[in-house]
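Below is one structure; the comments refer to it alone.
Should a chain be cited, it is by its letter among A, B, C and D, assigned in written order, with residues numbered from 1 in that chain.
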Amino acid sequence: MGIRVAVAGASGYAGGELLRLIVGHPEFDLVTATAHSQAGAPVAAVHPQLTGLDLVFGATDPAVLAEADLVFLALPHGQSATLAAALPETVKVVDLGADHRLRDADAWTRYYGGAHAGAWTYGLPELPGQRAAIAESSRVAATGCYAVATILALAPLIAAGAVSAEDVVVVAASGTSGAGRAAKVHLLGSEVMGDLSAYKVGAHQHVPEIKQATGATSLSFTPVLAPMPRGILATVTARPTGTGPDPRTVLTEAYADEPFVRVLPEGTWPHTSATLGGNSCHVQVTSDVDSGRVIVSSAIDNLGKGAAGQAVQCANLMLGLPETAGLPAYGTTP
Amino acid sequence: MGIRVAVAGASGYAGGELLRLIVGHPEFDLVTATAHSQAGAPVAAVHPQLTGLDLVFGATDPAVLAEADLVFLALPHGQSATLAAALPETVKVVDLGADHRLRDADAWTRYYGGAHAGAWTYGLPELPGQRAAIAESSRVAATGCYAVATILALAPLIAAGAVSAEDVVVVAASGTSGAGRAAKVHLLGSEVMGDLSAYKVGAHQHVPEIKQATGATSLSFTPVLAPMPRGILATVTARPTGTGPDPRTVLTEAYADEPFVRVLPEGTWPHTSATLGGNSCHVQVTSDVDSGRVIVSSAIDNLGKGAAGQAVQCANLMLGLPETAGLPAYGTTP
Amino acid sequence: MGIRVAVAGASGYAGGELLRLIVGHPEFDLVTATAHSQAGAPVAAVHPQLTGLDLVFGATDPAVLAEADLVFLALPHGQSATLAAALPETVKVVDLGADHRLRDADAWTRYYGGAHAGAWTYGLPELPGQRAAIAESSRVAATGCYAVATILALAPLIAAGAVSAEDVVVVAASGTSGAGRAAKVHLLGSEVMGDLSAYKVGAHQHVPEIKQATGATSLSFTPVLAPMPRGILATVTARPTGTGPDPRTVLTEAYADEPFVRVLPEGTWPHTSATLGGNSCHVQVTSDVDSGRVIVSSAIDNLGKGAAGQAVQCANLMLGLPETAGLPAYGTTP
Amino acid sequence: MGIRVAVAGASGYAGGELLRLIVGHPEFDLVTATAHSQAGAPVAAVHPQLTGLDLVFGATDPAVLAEADLVFLALPHGQSATLAAALPETVKVVDLGADHRLRDADAWTRYYGGAHAGAWTYGLPELPGQRAAIAESSRVAATGCYAVATILALAPLIAAGAVSAEDVVVVAASGTSGAGRAAKVHLLGSEVMGDLSAYKVGAHQHVPEIKQATGATSLSFTPVLAPMPRGILATVTARPTGTGPDPRTVLTEAYADEPFVRVLPEGTWPHTSATLGGNSCHVQVTSDVDSGRVIVSSAIDNLGKGAAGQAVQCANLMLGLPETAGLPAYGTTP
């Protein structure tokens, strides 16, 4: 008899990836997968990649979810708090949404609108001390997709004094699954294939999350929509302090023992495709010849380390399982 | 101590996928992965998706391969026979190449050129009697990628007398990884994105293989190169006999107990993306309103059920393991 | 002062391409472009590729349209007849919709539903006699996108007795713009990129149109959705009569003087990308080694020769202009 | 009798686009198109989009090129100088290569290697005074593709004192045609589809060109390869001076009379797809909420305004033709 897990909001892309990881997990038993408008539909009718999985979406009923040992919430922003409040404290919860990521209530309201639900333990095990904090928590807020790609590139450099916390500039491009599964004209295949465009320029909601986790004091973040289903490539640039340690050494040491974050061999740059379907983050760093800026490139699968993979990694820690259980270390490429 | 497996010719796309499956397989220990021009290179330098795998390509040395319990050959056509001959009979071999698929030496010479190396057990467990034959063999020839998508759609229908073996017409489109990893202008991203084109029209080498496995007596096969990395969608049409059983019933019964072949619910058509990274084949069938032809649509991942997945499935049978061991049942989608 | 043209239903993909061709046409003045829900919006807000075009969508008002010399109708199926009836006979009309393509009212009702509006001159100038017929007509029904790719491949072969009119088998793949611009989940970029799937299998509405134009008596047609914005590749196979002329000679002679249809040099196969943005159709033919079937491959831009380009070509003929006026002969590739 | 133009190095992607523009140009007669290894091949065999163009590649013979009024050089870097020296001064020359872009010989040697060939008039008409300079020149160096996207976004802002010339940070993503047509494994469709990766990080050769044209004193530039055939999206960020004019006003005024550069309506962000096949550059600007950085997004077709379109625009000026002659103002989208 395995550990009983449930997924609320399983009809979206992150939800589908969660289900794929859960049914392949050696210790997890899937109790229920709930959906809103799709309740009653076979899971495989919504997620054709799960054809063969004999399961029907349930309604999002706290009483059913409460039978699980751990519940993943993959709900739209603003819906997690109410549901979480209806679950007993003995049920562990990992929230893939943004509701509980920020400690600063003002920042929450400014970027997301509405009332702040309060912060949970931030679900990024690779941050100093965070692995233990997650293991002891019954409520964990998994990271934003852009946020994790940026934080893993930046946090050790600021912490080590290698780069300035001021005037960090990030441009990050994401595959379209990051924009969700709602039917919108600007997300049609005819619109996105062959196209790059920036959006939410100058005011993306992951900015306060990145600042909170890295200590950056000033951050310009520009997201770009890229013509591919999955993947995030973040280009993170910061000014060197001039007095700090070598950036590549800092990153190499920070991630030496990490199972999922890889600093690539010198001269090799991250490819998002290499992370597809896995939970890995690939990182490389150099100094710009002209400006001297430190430039870090990091690649993740936005549905892997950027969402479902990250959530399972946190759940493993919360449940006392091996951190890598059920998580693909390698990408499905080409 | 697991079962010792080796891969010869591991630097191509099928080789990379084989390595991914092998290192994730619960019973396999990877002894060596060999390459020709890439011998001596780190595996992750060639396959960035395997970053973190601490392995260097070896030269293709029969003495080293002979230390394995089972060797996968992922070599270019025409190179398997010599290498296989240098391996002791006690070493089991699965050949992903075409060298040993055909029983008809004339057909081999006509479509591939050169001398025929002789036929091995054909590696498609879903054919009647073939599962047992594979389990008893020490030499198995895995199927061609287009062949398996077509055969799974067609073989039960001809066998059941539902469709005529004459005048089968197949049009099948493949992602570009099916064309291999050699640097060729017509396979550049700039050329293939946004493009569909037919190739080898009227004379594709999988025709004799499909005829051998299905009993089709006359077969038109047109392959199309599609702008995606992976996946094959085969549209297989055949004339109904008029006296046979219902095609959908035939396929449903044929695959009722198969773990990897799924006849989809009525009205649902296969998507190649739903098979990405897995070993599944999705199938649907209907009758054309105007012509009465039976039309079967089947989707696979050309590197999964079309190559590496199929090979591991055969290896599992040959080694007495559960047939599904180490094989993803579900796709990595979107 | 040029010829006054108008477009009704200009907010879709075919409408946008029509506008692009019209504003680049040496003889056309665009009087109005109308839209339904987008009436009042700047054209460039809907079609960003037309940024710089200082025009606002009008409502679809017959009185305004009647001020044009020629009106293009790019409306959803079933809406052309009413609007056309409200336009005086002195206003020439090219309908890009299906309403007036079929002579067989039963076939119309069977495939489209609703009452048949009656047939107009069929807008394919490359059919024998049709160029003159179009030139003399004030009402022309432009072809379906799949239909034109298939008809140009097939019609001369049946007419010349090179292939049988019975048991024609066609599999044709289209880019996603052929599915229109309505916001639907299955057309999202995340769903279609990396994916091929068949749809409307066994009962596509272009079948009666193709039969009407080619004389085919029995036709199996399977459409496939391909991961690219534009382009149709049709694989058209038919049984040789055995007594007819050489298929390649037939096609070469049929299109010797055509400005837009090109039979490629032997050994060269059509690429949809080579037709992108133009009005051309590329064709190649061979005989299948195994079955003897004649296999024709034809490529068009579904929004070019498959829709807007075709419509402008017809308009040019109806207005006594050079047939090629304003129509790109070449593709925008890569 | 039109103006006689020739293209040297016409077998690459920029060369193919040049040929497409030239044969559609109302005033140009194409004298010859030369190629190196492809000399003697039909143009349409190399550029299938030009099927129907009855032309064979010539060898690159200065005597033949000298018969033209204007020669476009689309050669690999380092090959233009020798050929240009062999052409009489009466033959006007537009060089699409990098050989004559930089005034700083040291910068040339540092970024390109080899001896500096000397600077020609820089071919960006939208820079102050440059339109007249180009019109009076017989030798013009067209811009780099990344350079033009960046310069058009940045130059007016620095010139107006709206942003600082120090610490400009640019991340720009390009479609694969920007990487050329040489057969390389990392440019295969299987590798680039579904992938984003940075390259030449910290040391791209367009840096000195951008600095020369904009007055930027310190510039970090990171290029990214994107999974699409064409298009560049540049994200250009700079620190506001705090004392300068409003950035959006600056750009709007700078480009008010430009036929090809469009500042989009507020809230609308550039899409590369909207520029496909045309010579336009779309621009938008805002201020980052958190950092205050000015962020400009600019989109071009790398083969249009980034190469062949730009070159034709310069040629038009040099020849006293209307600047927009033969240049598509609108994109081919979707």
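FYI, a residue touches a chain if its C-beta (ideal position, glycine included) is under 8 Å from a C-beta of that chain, and two chains touch if they have at least 3 such contacts.
Source: prediction; values computed, not measured.
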{"item": "Neighbouring chains common to chain C and chain D, by label", "value": "A, B"}
{"item": "Chain whose Cα centroid lies at the greatest distance from that of chain A", "value": "C"}
{"item": "Chain B against chain A, contact positions shared by both copies (same if over half, else different)", "value": "same"}
{"item": "Euclidean distance of C-alpha centroids - chain A vs chain C, Å", "value": "45"}
{"item": "Rounded Å distance between chain B and chain C, as computed from the means of their C-alpha atoms", "value": "37"}
{"item": "Junction residues of chain D - those touching two or more other chains", "value": "13, 175-177, 190-191, 193-194, 227-230, 271, 273, 276, 334"}
{"item": "Chain C contact footprint on chain A (complex, rising order)", "value": "13, 175-177, 179, 181-185, 187-194, 227-229"}
{"item": "Chain D-touching residues of chain A, taken from the complex the two chains share", "value": "167-169, 171, 173, 175, 190-191, 193-199, 201-203, 207, 211, 218-222, 224, 226-231, 233, 235, 237, 239, 269-273, 276, 284, 286-293, 295, 297, 299, 334"}
{"item": "Residues of chain A that touch chain B when the two form their complex", "value": "13, 16, 20, 23-24, 42, 45, 47-53, 176-177, 193-194, 229-230, 259, 262, 264-265, 268, 271, 273-278, 280, 282, 328-334"}
